[in-house]
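Two complexes, one shared chain (subunit A), two partners (subunit B, subunit C).
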Partner chain A sequence: MVESRHQWKAWLYLSPAIILLLIFTVWPIFNTLRMAFLDGYGNMAAIGGRTFEFGIDNFVKVIDYKDFLLCLKNTAILCVATVPISTILALLIAVALNSIKPLQKTLQTIFFLPYVTNSIAIGMVFAAMFNIVGLRDGGTNAQTWGIINNAIEFFGGEPINWINAGSTYTANIFVMIVYIVWNALPFKILILLGGLQSINKQYYDAAKVDGTRKFRVLTRITVPLLSPMLAYVIITGFIGGFKEYSSIIGIFGDKMSAPGGESLNTMVGFVYDALARDRQGRACAAALILFVIILIVTLINNKFIKKHVHY
Partner chain B sequence: MKVVLENLTKIFPSRDKKSGQEVIAVNDFTFEIPDGQLVGLLGPSGCGKSTTLYMISGLQKPSSGKIYFGEDDVTELSTENRGIGLVFQNYALYPHMTVKQNIMFPLQNLKGKDKLTKDEMLERTENAARLVQIDELLERKPSELSGGQQQRVAIARALVKMPRVLLLDEPLSNLDARLRLQTREEIRRIQKETGITTIFVTHDQEEAMSISDIIVVMKLGVVQQIGEPQSVYDDPKNLFVAKFLGTPPINVLEGKVENGKVYIGDDDVLDVAGVEDQDVYIGIRPEGLEPSDDGRLNCTINNIEVMGRDASVVASNSASLNPVVRAIINSDVRIDTTKQTIKFNVKPHKFFLFNKETEERVYFEVN
Partner chain C sequence: MSKSVMSVMQERDIQKRTFMQKMFKIFGKTGTYAFLFIMALIVLFPFYWMIISSLKTLPEYRQAIPTFWPKQIIWGNYAEAFSAASLAELFTNTVIVGVASTLLSLVITVLSAFAFARLEFKGREAVFGAMLATMMIPGELFTITNYITVTNLKWTDTFQALIVPFLVSTFYIYLLRQNFMQIPNELYLAAKVDGTSDIKYLWRVMIPLALPTLISITILKMMGAWNTYIWPNLVAKNLPLITNGLRNAFTDTSGQANYPVQMAAVALVSAPLFLVFLFLRKYIMQGVSRSGIKG
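Moving on, here comes the complex of A and B:
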């Protein structure tokens, strides 16, 4: 402990960090809470001198709103589908990467590239890949332009309208899932590979002496020993999934839907929309609801982790 | 199951590509381990003893040479098909499994005609646990066990599938002194009870001597001497073996043989026959030095260390290669410490000559 007559010095040294935290973290959190509970709060109206009643009107409005439930549904679908798929894929890729010696560094770099690439840029590339079934040069023959449909045709399948006008919600969501999984892989692979490399090789020697089959080594030894890292990527995966937004813009543009199709808007998108329409109160209420959902999911994850993770 | 090693050699490629220097970890090792014996591979670190063990286990492939279990050539056989049990230096117990799950794990891997029912597995697990006396601890996790208990679990796991050969890598190095004594007795007992041919690796000569039927002393990949512990101690083939075995270590002094007498400095300490005149290293076991008024080796007394049962005279001699010359004597013998010098007679059977160039033993007859 610092002696009490020197305590002001300690506070002085801490003050730059504390002041920044107060301005940019503590106050916004407090302000979010305040605005969420002021009925119908909007910045412009506040500047205009209007006063607001304290109440839960914002929450009621948000939940009543049809768009909100749609956003919640989209977010939930994307989360529930992408987190398990990307975690399992990342695990398999990390195990494979860890077990090969030649070109390991090169392959690691390749797998890590999506992480350092802008997600809007990736989205545009994906949009091109999943592009169109349509009419080219005013002709009468339907042509596929995207590489995915080219591949499907090459193997004798029917091209699918993935993201263009008239595409189905299922096709749209499928593209989003592929995109998000692919985008989430590098970080997970990095964490899991780091975990794998810190596992004592003797466990594998012991397993070999015991004549353990490869799949059993994976499920009975690798996965349990890797469970702290798996827990980490699953929890951060869910949190990231609930904050999904820019990936959809990347593929579908700021309308967040295929032309004429159902909206793929997410929770974060809903918050941004409300902010853009000067409905700060509702935006804050939606953000708080998102916060509570993430909290609950994380608590459930934690409960599961306590049971199955071996530190 | 006897284990035969035939010209076993392991060469590691050089790490440093520029120099291209290969490392010969084990060089032309030939040895037949009789069935049911406890064999200690002994040597300083880097002598190739662990490499030898891992080649027998199949986790490392020999560069050349053959390994036989009984009549079967297992050189090309993979680890899991050799029927070995291996106890790792750090035990390598699976930390997320209970003791029971750890011991049962090898059994669950069995397939085909060897496949066991749940009850059979449980019975064999319990038998193995009882053998190493950990049947009380089956539901614990390895992290809840002491080092000695973990060691026993590792041995139980290695024994549960009834291996043809049991291999132990530095089995006692992670235990404290008291536990080490206890555990080495335990290993001896388990080996006698099961009758499984057992090979263990250690750098601790006392450990190897105390429990082995046969010890193999190695240095820089080359086997120096193989034999029963007592006979290797009593009859070392070269200076390295003489120095490596025995606590306190053997006294080594410079000297020469001239006209049938062995000289240390100006003292002629022993009359010998059948040895040509030459410069030699002289090895004298601490128990081979007897203080005596008519002793022929003169040393300066430093001090006496009393250990109860016996005492150790710490002296110095300018020809000694060790910092001190040490003699172990019965504590009943009184030494006059007021005098500066002490005279010793040597016991011929505790007295060895080694050629100064080759460091090989020079045999002599006592005259």
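Moving on, here comes the complex of A and C:
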């Protein structure tokens, strides 16, 4: 390290970053707290000269609000359903990929593809796949139930109204789960495969000498040695899950529901709705609640991980 | 004699066991490949469906029995999509935001990382620690105030609003600092002795050596501009980027929409991402596995 007599130089180099961070990162932290505790804060009203009293009214209003509980429910369901499914699938795929030689690189690339997509754009493809096009039993113009329903009918099932008018909440959520899992796989596979490739081969050789069964090798060697990566993937999965928003817009549009159906709005969506309606106090309160929930879930995960992860 | 019988039996036993093991191994391998192929098909199917649907006529798309290859390839869907979603304007907007924010962000990141990695100054550890601490706070908390800041600056519907708030990424500064620290300090001292300026040293030595990291940052930043939806939707409704424009051009969920054209638009928006991925796969996968962030 160079003992610099020109300390100002370092500060000069850092100045663009520091100035921008002060305006767009540090100030927001304080301002969010301030706005959350000013009853009914709105920026336009504040500019108009209105003053706001200090209080916890925003939090009370947010929690009282029926929509908020709905958003919380939707977020929680999506989170709890998608994280385990995508983690287990990603683990199986990563282990399978790690055990083969030919085609490994090609398959690895294919499994990474969903990552380099636009979640809104591919959401529209999923919507097209699940969509019923036109009214099926009207007119001579043959119309389709959508490729997913075609596949279900091919295997002898009954077609389901997934996302169109009159579809059920369960069907909507199912479509979302499928899409979110599909979207979450590449990152998890990448991290887990990286972890697998760094496990010392000697453990497996020892298991081979002992004639250990494949499944036992998976549960007794692979998973424990992979546990730091698994923990990482699960925690980031939960954090991402609690921030789910644009994937729903991709499939259902910015109304975030099937026509006439129950809203699939999430916590993040709630924050942005309040924000766009100049109810910043309420938006801040909701964002802080979201932050605390994420914090608690992460802490619980950490506690669980401390017990089960072998570093 | 009994000894030889024993050994023959043992040998048979061993043969039998190795045969069974071989069979297990073959079954195992076949099963593994079968599983991987099925999963790969599921992963690829939406892309395949997007492409073939984008080339069909509307009546063919609507057939009750789907076709898996268009009977008649309609390239015109792409032209129609290009004008229906005014993609030209959206592409231009997005490229401007992407290029400007990537370049400025690279300059800021390199300068900060250099200061943290090579210069000694009071409060260095404290400032660096504070920067890292901001990474733990979810972005939604910043968005609310930044929305107000941008509105009060009268930046609504301007390029500044889309570029400036996201120029500094503490994570990229951290990543690049780690990379710079691996470069031996002797090189810097030698440069100082020769009277080389900091900027020249940065340009000639540090940047070439840290190029892979810089490329990863560039790609992720560009992909970010391409995929961002929430922020432009809040502050620049009249200056839409590609994702916003795409979603808003096709909002019909009644089932009557012209899906082939819609799929053509989606394919056009997805194509640049795939091209980048095709050529720079290594950097993207490296960058992602180290940073663990999307976009």
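Everything below uses one rule, namely that the second predicted complex is superposed on the first by the 283 of 311 C-alpha atoms of A that agree within 3 Å, B and C clash if a C-alpha of one lies under 4 Å from a C-alpha of the other, contacts with A are read in each partner's own complex, and residues count from 1 in each chain.
We take it that a contact is a pair of C-beta atoms (placed from the backbone, for glycine too) under 8 Å apart; a residue touches a chain by one contact, two chains touch by 3 or more.
As the structure is a prediction and not an experimental result, all values here were calculated from the model.
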item: Touching partner for A:K101 - first (subunit B), second (subunit C), both, neither; value: neither
item: Between subunit B and subunit C, more extensive residue contact with subunit A; value: C
item: Which of subunit B and subunit C A:V116 touches, first, second, both or neither; value: second
item: Subunit B versus subunit C as contact partner of A:K306, first or second or both or neither; value: neither
item: Which of subunit B and subunit C A:N150 touches, first, second, both or neither; value: second
item: Touching partner for A:A206 - first (subunit B), second (subunit C), both, neither; value: first
item: For the subunit B and subunit A complex, residues of the former touching the latter; value: 57, 59, 79-81, 84-86, 88, 90, 92, 94-97, 105-106, 109-110, 157-158, 161
item: Touching residues (chain side subunit A, partner subunit B) in the complex; value: 200, 202-203, 205-206, 208-213, 216, 220-221, 224-225, 227, 310
item: Subunit A residues touching subunit C - in the complex, by the definition given at the top; value: 1-4, 7, 9-11, 13-14, 16-18, 20-21, 23-29, 31-32, 35, 43, 47, 89, 92-93, 96-97, 99-100, 103, 107, 109-122, 124-129, 131-136, 141-145, 147, 150, 163-165, 182, 185, 187, 190-191, 194, 214, 232, 236, 239-240, 243, 245-246, 249-250, 252-254, 258-259, 268, 271-272, 275-276, 280, 283-284, 287-288, 290-291, 294
item: Touching residues on subunit C, where the partner in the complex is subunit A; value: 28-29, 32-33, 35-36, 39-40, 42-44, 46-47, 49-50, 53, 59, 61-66, 107-109, 111-112, 114-116, 118-122, 124, 127, 131, 134, 137-138, 140-149, 151-152, 164-168, 170, 173, 185, 188-189, 192, 198, 223, 226-227, 229-230, 233-234, 242-243, 246-248, 250-251, 253-256, 259, 262-263, 266, 269-270, 273-274, 276-277, 281, 284-285, 288-289, 292, 294
